[in-house]
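Heads up, there are several structures right after this.
Each of the two complexes below includes subunit A, the first together with subunit B, the second together with subunit C.
Entry: the complex of A and B
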């Protein structure tokens, strides 16, 4: 499968704040990539670099082998994008929005757009300003996917939407991905959504990539293990192998990416024993990775 | 600063938001006033005391007009918080536990007081610098009253039409009242409000201050009531239940032309014409019709008023309606040129200015996008200007000569045939040259405004610094001119300074063109096709410019090098602006 996105050592600051710090990210066709991270982690900044809305000051960005700033036509003609703010011209009617977007994309699939309009029950004669937030997201999504783009970029696609609309959007994305050779990159802070939809996950924290890989490998690589110590601990015990520890007294739960036998060995050294272990959820991994950066002493 | 109460917090926020605009108004008023006074002093004929005095008086009057006009309209630093939309711009306070009277009254009082103080300080500085008795309290009180009405009109409703109407009526009322007071005494051989009479003329009756206070209090009350509705959500409910578009939005939807889907260029052109072009054109055509209509009915109305036995006029017949088309036409033309700004459609909200991500993420080359936006806006501004110009031209014979003689001492109506004859006497090439200069000049103007807006958005500090430096440089040159005319500075030294400045300007223009071309090609913002078009347009403009210079009697061979280069330099402007347009759009599209 061909590599579509290649971000190499990308850094970007706004004023004194480092929004991205040496980020490298690669994505290949036919996969769904989820970007997760807390607010301000740098997800939107990274996506804007892929669209050429931000200029790479350090490092490089290549999409379809092209620089999105130097060759916006070559890149944007093959991308569908839904912004977090759902920024659409308020005066346009839904059908005008479709016609306008269609003019930019010879591959526009009118029957697919009509089908989506019907499934979302959107009135084509309504103006964008008259649409609710969810309907606006649906209209933006149709405009983004109806030309069957090679790369679909969704920035917080389900932010602020109710469960029904969220499901509709997810369905539409799944349909898009079902077509061979297409790729989706989406950002979200809803970890269950990322876990359900993604093939790959990239975790950003404070502008850095803290974790990146195939979702299954990530999940298999992290475990949540319950530990019983002989001694009572008021503070988390110093356990180098653990990314995060929570609990109290003698019973503690640890998230770790060490092999279980090595972890058991470390626990034994502190007079403890492992009595339960399972694969960690993405949320537990995320909290552990983010917490480690925030509270290095505790994690150490 | 740590605000310790809601009152200090609101005051602090208002100050933080408006302080830059306040500084600009203060600096602009003082610098502009001083520049006008210095220019008057520099160019007033020293050998004729009477004309010298008239020149200086006129300069002082213009300086005072500048100080007052700076306060026409609402405060832009607050208005841009909600993208200059109608309604209360500090709406984020709605979620704070503070009474509406506080969140409305304090900012309104602050900006009203600030407008008055800015005028007072500026007038005081000009008073000290020039010795003219610039009026203080009376004009400051008027400015405060009018500002309160302007702000109240802008904040108290979400309807876009009402604030425009109220602002126009308030301005017209204030203007006519002040002009009526100042021109109550007709002075022969001079304009009616010379500075020596200002202390008397501006000694407004106390009832004025009472009325102004009443108006200000009413403005606060109306605004608090209006914003309370917005805060309660009543205004939102109105909008939701019966969607009413704003004035501009209504204009956007005047012509329902379907979006072409055959090409991206046509679709983008459709979008730009709908959002940027057609509203301007509609305003222009409507204004042209109003001018023509008023011109048609002006004579009968004036005749009827003058015939009324209760009307007494010191100059035989008075002009009540007839001057308005003459006043409205140049104002309307100027307004159309101003509406040519923001061709790149930069949006401002809550202190952020940016290009619409919707347009930025469509597959268009930046050069093509810039050209489409500028050309669409230019075409509509040009059509609007032509409509108003034709309307003004047609209105001249309808109004008759008397009004022109009264206003400017010139019988324009009888000169129409001469103007027609002069144009008819030109060769076809000369006529085409005039048209090319006018059209390319207008496109260059629209593009220059777009470039300025884009650069101000992306590099605001640097642009403000550059603009301030240019302004200060202009004031310094004006002061030097004054010093030279009074013999303080020797003429050769002054000429050397002016020549050096002109060379620097020309060199900067040429270097900027080369730099932006190089940078634009290196970043692949400029394409060969676009650059060829820009060069062709510049060549056509240059040839037309030379023809127009010849028509105006300018003879280049006898000129000094600097004079010749200066007079030819406008020919470079279309090229400079053409390459700057995509370059600057690229700065806001790819930040």
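Entry: the complex of A and C
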């Protein structure tokens, strides 16, 4: 199956402040895309462009080959969306919310919606405004997935939820991909969740893509290596080969994307020795990159 | 199937699954001919993207640990996996390096370790002596 999302060199400013700066992003059916970055990095702004809620200042956005601003019906009917704020009509009852959402989506799967309502133990006669935070997320999730959208977009779906409801959300992602080969784009600040659920990861920092690629390839490009220096350092020593250094005294751990032999060379120039090395976790890579480089890095 | 994923130790998730299935097969907890869970089921259980399970099962199939049946499922192979010699050696060497490092730390000599390996082997499998286990080709 082909490419579904194609964002090319997208920039967007709000009141003179750059929210997105030359962002390119492509996504293919059957895959899960994780979007990570600090608050204000541009994740929500990027997602809103896919939904046609924002118009590109420069660059282009295509979803299903269409411009979401010019053809909102053609795009939105095939997207399921759960926003971080979970904006839902407060006055509706849960069953009314389902009927309301169904009216926009000819592909609505009523038995799937019912199954989810039951498994979440949501009371259909309850008003949206009476729902707890977790129940709101569950109701919003059903509304987002029950029409079996070709593209499911979740903006910080786990934000503020307990472990039980987070599992429901992750289940919905797995089912979307496993049952019908559809695709999911989700943003999250929970990096372990992104590491588990994503096939691809895109990291935004201050409106720019700092890292993007297949998760396994990204991960394989970065190592975390322990270093022992002959000298005692109170501050992290200047070591260009390392993206981040943690520790103190003679013992430090470095995250680096230089090959180990090159890294070792740089360390010995500082009078250090390299000890065990392993692949860095996504969280370690994220912290190392966010703390440092502004340079875009493309993974293989 | 009882598999646990740890995202803090830097090992890719598909590799953790591959390693644990190999272990389950090697230890007899999974027997030849038994079916592995469908991709969707295991993905739901582990809360990982289904493509990771696809990748792990693919690697296990390449390694000869499991095989797929057309339109059916994934099954533990009847024969023992035939890993390339280099791969077999690499896996064991990694374990030995870790063991020797730990032993050095705790003041055991290499001879202590050889003796203890033989003793453990005898304790785990009373039917065999301390001879090296037959290696299937």
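In this text, the second predicted complex is superposed on the first by the 290 of 300 C-alpha atoms of A that agree within 3 Å, B and C clash if a C-alpha of one lies under 4 Å from a C-alpha of the other, contacts with A are read in each partner's own complex, and residues count from 1 in each chain.
Keep this in mind: a residue touches a chain if its C-beta (ideal position, glycine included) is under 8 Å from a C-beta of that chain, and two chains touch if they have at least 3 such contacts.
This one's a predicted model, so the numbers in the text were calculated from it and none came from an experiment.
Visitor: Determine, under the contact definition given at the top, whether A:212 touches first (subunit B), second (subunit C), both, or neither.
Guide: Neither partner.
Visitor: Could you say whether A:81 touches subunit B, subunit C, both of them, or neither, answering first, second, both or neither?
Guide: A:81 sits against subunit B, while subunit C stays out of touch.
Visitor: Classify the contacts of A:130 with the two partner chains as first (subunit B alone), second (subunit C alone), both, or neither.
Guide: It touches subunit B, and subunit C stays clear.
Visitor: Give one of first, second, both or neither to describe whether A:28 is in contact with subunit B, with subunit C, with both, or with none.
Guide: After superposition on chain A, A:28 lies in contact with neither partner.
Visitor: Examine A:102 and indicate which partner it touches, taking first as subunit B and second as subunit C; both and neither are also allowed.
Guide: In the superposition, A:102 touches subunit B alone.
Visitor: In the superposed arrangement, which partner chain does A:91 touch: subunit B (first), subunit C (second), both, or neither?
Guide: Once the two structures are laid over each other on A, A:91 reaches subunit B alone.
Visitor: So in the superposed three-chain picture, is A:8 touching just subunit B, just subunit C, both, or none of them (first/second/both/neither)?
Guide: Neither: A:8 stays clear of subunit B and subunit C.
Visitor: With touch defined as at the start, can you tell me which subunit A residues reach subunit C in the complex?
Guide: 30-32, 167, 170-171, 173-175, 177-179, 192, 195-199, 216, 219-220, 224, 278-282, 284
Visitor: Within the complex, which stretch of subunit C touches subunit A?
Guide: Result: residues 5, 7-14, 39-40, 43-44, 46-52, 55 of subunit C touch subunit A.
Visitor: Inside the complex, what are the residues of subunit A that reach subunit B?
Guide: Interface residues on the subunit A side: 51-55, 69-73, 75-77, 79, 81, 83, 85, 87-91, 96, 99-105, 127, 129-130.
Visitor: Residues of subunit B touching subunit A in their complex?
Guide: 243, 245, 249, 252-253, 258-264, 266-268, 270-271, 274-275, 356-358, 360-366, 523-524, 586, 589-591
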